[in-house]
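Labels run A, B, C and D following the written order; every chain starts at residue 1.
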Amino acid sequence: MIDKIVPSIAAAVADIHDGATVMIGGFGTAGMPAELIDALIARGARDLTIVNNNAGNGETGLAALLKARRVRKIICSFPRQTDSQVFDALYRAGDIELELVPQGNLAERIRAAGAGIGAFFSPTGFGTLLAEGKETRVINGRNYVLEYPIHADFALIKAERGDRWGNLVYRKTARNFGPIMAAAAKCAIAQVQAVVPLGDLDPEVIVTPGIFVQRVVPIVSFAASAVPQAAA
Amino acid sequence: MIDKIVPSIAAAVADIHDGATVMIGGFGTAGMPAELIDALIARGARDLTIVNNNAGNGETGLAALLKARRVRKIICSFPRQTDSQVFDALYRAGDIELELVPQGNLAERIRAAGAGIGAFFSPTGFGTLLAEGKETRVINGRNYVLEYPIHADFALIKAERGDRWGNLVYRKTARNFGPIMAAAAKCAIAQVQAVVPLGDLDPEVIVTPGIFVQRVVPIVSFAASAVPQAAA
Amino acid sequence: MQRFTRDQMAARVARDIPEGAYVNLGIGLPTIVANHLPRDREVFLHSENGLLGMGPAPAKGEEDPDLINAGKQPVTLLTGGAYFHHADSFAMMRGGHLDYCVLGAFQVSATGDLANWHTGGKDAIPAVGGAMDLAIGAKNVFVMMEHQTKSGESKIVAACSYPVTGLACVNRIYTDLAVIDVTPAGLVAVDMAQGLDFAELARITGVPLTNGIASAIAA
Amino acid sequence: MQRFTRDQMAARVARDIPEGAYVNLGIGLPTIVANHLPRDREVFLHSENGLLGMGPAPAKGEEDPDLINAGKQPVTLLTGGAYFHHADSFAMMRGGHLDYCVLGAFQVSATGDLANWHTGGKDAIPAVGGAMDLAIGAKNVFVMMEHQTKSGESKIVAACSYPVTGLACVNRIYTDLAVIDVTPAGLVAVDMAQGLDFAELARITGVPLTNGIASAIAA
């Protein structure tokens, strides 16, 4: 019997190695797998390349991972925020490398990795600083920039419910990068609010089929469990 | 108030013009919008380019459209079937043009059209007859073929339920090409088993958001209404 | 001269968005446009973090940390709205499915180049988010901005001095002084603040500007 | 000599598919493999028309025209299975997420080129379906075929004479005579039919073949 449920969050991240590329789901704090990030900090892996939309908020979660100086490079679209002081300080000190990617290119490059695409001509960024040095092409009169997939060793994502086959559903806008990061990583680790018995998730409604998920860890986060689970 | 529900199936296809590129959903007969195809035949538009996985089964649906000699060219992955006699005869007589596309390239090219991708390097077909004359590239030691999006003027698809904003859900493997064809066409027309009030479709569960759908036509097909609507 | 207030600018943008339009409102000034869309006009607001049919801010105490907009503020979902993942969300933007986006800007060039993501300052930490995707993806790109910088320079320029977000992508500019279309024939003013003289508007703007204001044409 | 029956071939393939594997079984002969997977071994069957967790054929009268496999035959969905659209389904295949696919073939070359979609005949109407995607996408590509054509020629060849489906993509070949691995060092027989002599197998195969059969190694 296949059971992807990992009872301990520490065990779920135990093989994340120094130098790994780790995708972390979430848009700001919505969908951010806070407990998995804390476990990654405890695990102690260094020289990480992190892929996330942002570069940490406040002092917890991804910001805490940065603060612990475990991150060599971050690939993101929107590092600068009102509460991105941890990243800002590291960046100004030259202590972290930044690959800034337009958000749509970030999403599509992650999706391309999961879908086996070798590269794609993107309409976004042509003629801008963020396309400097990149191959371009005119197709049907329109300008495109060649973009490559972003693969990862691990993805840490947050979902609402999961089963032992790794099937996942998400909650509202916390879905964001979860499904595409799961598919782009060799090992996708999902923290879920609840583990449900196989068959509880309607096959029409499963957002991430288990083929993309290697480990599922149940977490009860007080913030999220305080709100009703039904859609608005 | 926005209401994408079109009460008459004839009205739904009334502007499909001679020479149009029309995507038709379905994998064999699962998800094939039979009533919309019949309406297209009645409409009489000629010189059509059809995009479908197959090239018609038996004598009805797409096969009937072919038999009525309305199709100049078909883009598909699997024309030859035990019951593809209509296509076979036209093809052997040189009366229809065939662009044969590996099924994954077909799906990804349709998806690329909806997603604004200019072209992409596909891992499929390298070194085969179906990549002859196409640009190729080695990326990270792997061979790829450059493939271009397939855009359409219209998409005719079949869904299970839809609302007046054009939101759709599908039924089992009848989903197949519906969601990506809706996004790839300038005008997506969905026949549905049932129109439901706005809000009946759970926002977590909508497969095709209304932004991709221009018209929704309610149809009661006896074959499908005879089976229970819940997932297996 | 009576400059347009921010609410007047937003109301003017809202007037130009027809029923049934799919619209993305950028962070900042454009957000106010939502307040000016008539309640009986169904307009579909898209938020790039995976939301279509975005509703107004929730009542105090009803905020849900999992239901936010691209500015990371709590929002609601209208009946009939839908959630989706990031690649699907940006497919809507990049695939040309949005009818309108409304963006703030540092500068817009006479040919519609947009600069709104980066001051280019040596010390500035760049952040781009979805700005470049919106700039090239929406069928109509509207910019809302003050006509001039604080030091009085025109933000409508011959060529952007700030790093661009997209080339030749802006269709219409709404400022506190005027509404200006970017056309193949150049910039055309279609509306301006009361008491403002077209010659004065052209002087302030500092790049070639045609008078296409209905009253001017009629006169 | 006792040739492997189709069921024996399928059983042999099934034995090589471990629990937890994601597997696509091609149309025709490979379909039989499903009958030989032990019921207590959880193997996830994928069907390219948008189905993961495919179950056996339904009981007579329980067929659902909306629940079919890639061969367009009625199937069922196991508890825990899921539906998805075609681009997502092929992302699973092309993105390397399937552990195994099992395909029929006209020919396999000594370097693992696969020919299974088109005879190349002038009158033949070509049809490719998902064959090329499976050939390049799965981590392990298994081929099941008769060892020889009806006229007695080896279907394992130095170079495919039929149009290829994919280059250097086959990992293992299951025939009615043998199980042969495609390795960087060439073809290696790892099993053969009872009563068959390796020299005879090599002669029938007609391309260089190494004897890697456990009993032979032990001997």
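FYI, a residue touches a chain if its C-beta (ideal position, glycine included) is under 8 Å from a C-beta of that chain, and two chains touch if they have at least 3 such contacts.
Treat the numbers as computed from the prediction; the structure is a model and nothing was measured.
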(message) Over the chains that touch one another, what is the least number of steps taking chain B to chain C?
(response) 1
(request) Consider the two chain pairs A-D and A-C; indicate the one with the greater count of contacting C-beta pairs. (result) A-C
(message) Centroid from C-alpha atoms only, then distance chain B to chain D, rounded to Å. What do you get?
(response) 29
(request) Give, as an integer number of Å, the spacing between the C-alpha centres of chain D and chain C. (result) 55
(request) Find the geometric centre of each of chain A and chain D from their Cα atoms only, then give the gap between the two centres in Å, rounded to an integer. (result) 35
(request) Quick one: which residues in chain C touch 2 or more of the other chains? (result) 77, 83-84, 87, 90, 93-94, 137
(request) Would you please write down the residue numbers of chain A that are in contact with two or more other chains? (result) 108, 115-117, 122-123, 170-172, 203-204, 231-232
(request) May I ask you to sort the chain touch graph into line, ring, star, complete or other? (result) other
(message) If I apply the definition of touch given earlier, which pairs of chains qualify?
(response) A-B, A-C, A-D, B-C, B-D
(request) Quick one: which bits of chain D touch chain B in the complex? Just the residue numbers, please. (result) 47-51, 64-68, 72, 76-77, 83-87, 89-90, 93-94, 118, 123, 125-133, 136-137, 163-167
(message) Considering only the defined contacts, which chain A positions touch chain B in the complex?
(response) 108, 112, 115-123, 137, 139-140, 142, 144, 148, 169-172, 202-205, 231-232
(message) With touch defined as at the start, can you tell me which chain A residues reach chain C in the complex?
(response) 27-31, 53, 77-81, 84, 87-88, 91-92, 100-105, 107-108, 110-111, 122-130, 143, 170-180, 207, 223-224, 227, 231-232
(request) In the complex, go through chain B and note every residue touching chain C. (result) 1-2, 113-117, 163-165, 167, 183, 198-199, 201, 203-204, 206, 209-212
(message) List the residues on chain D that touch chain A in their complex, please.
(response) 19-20, 22, 40, 42, 44, 46, 52-53, 77, 79-84, 87, 90-98, 137
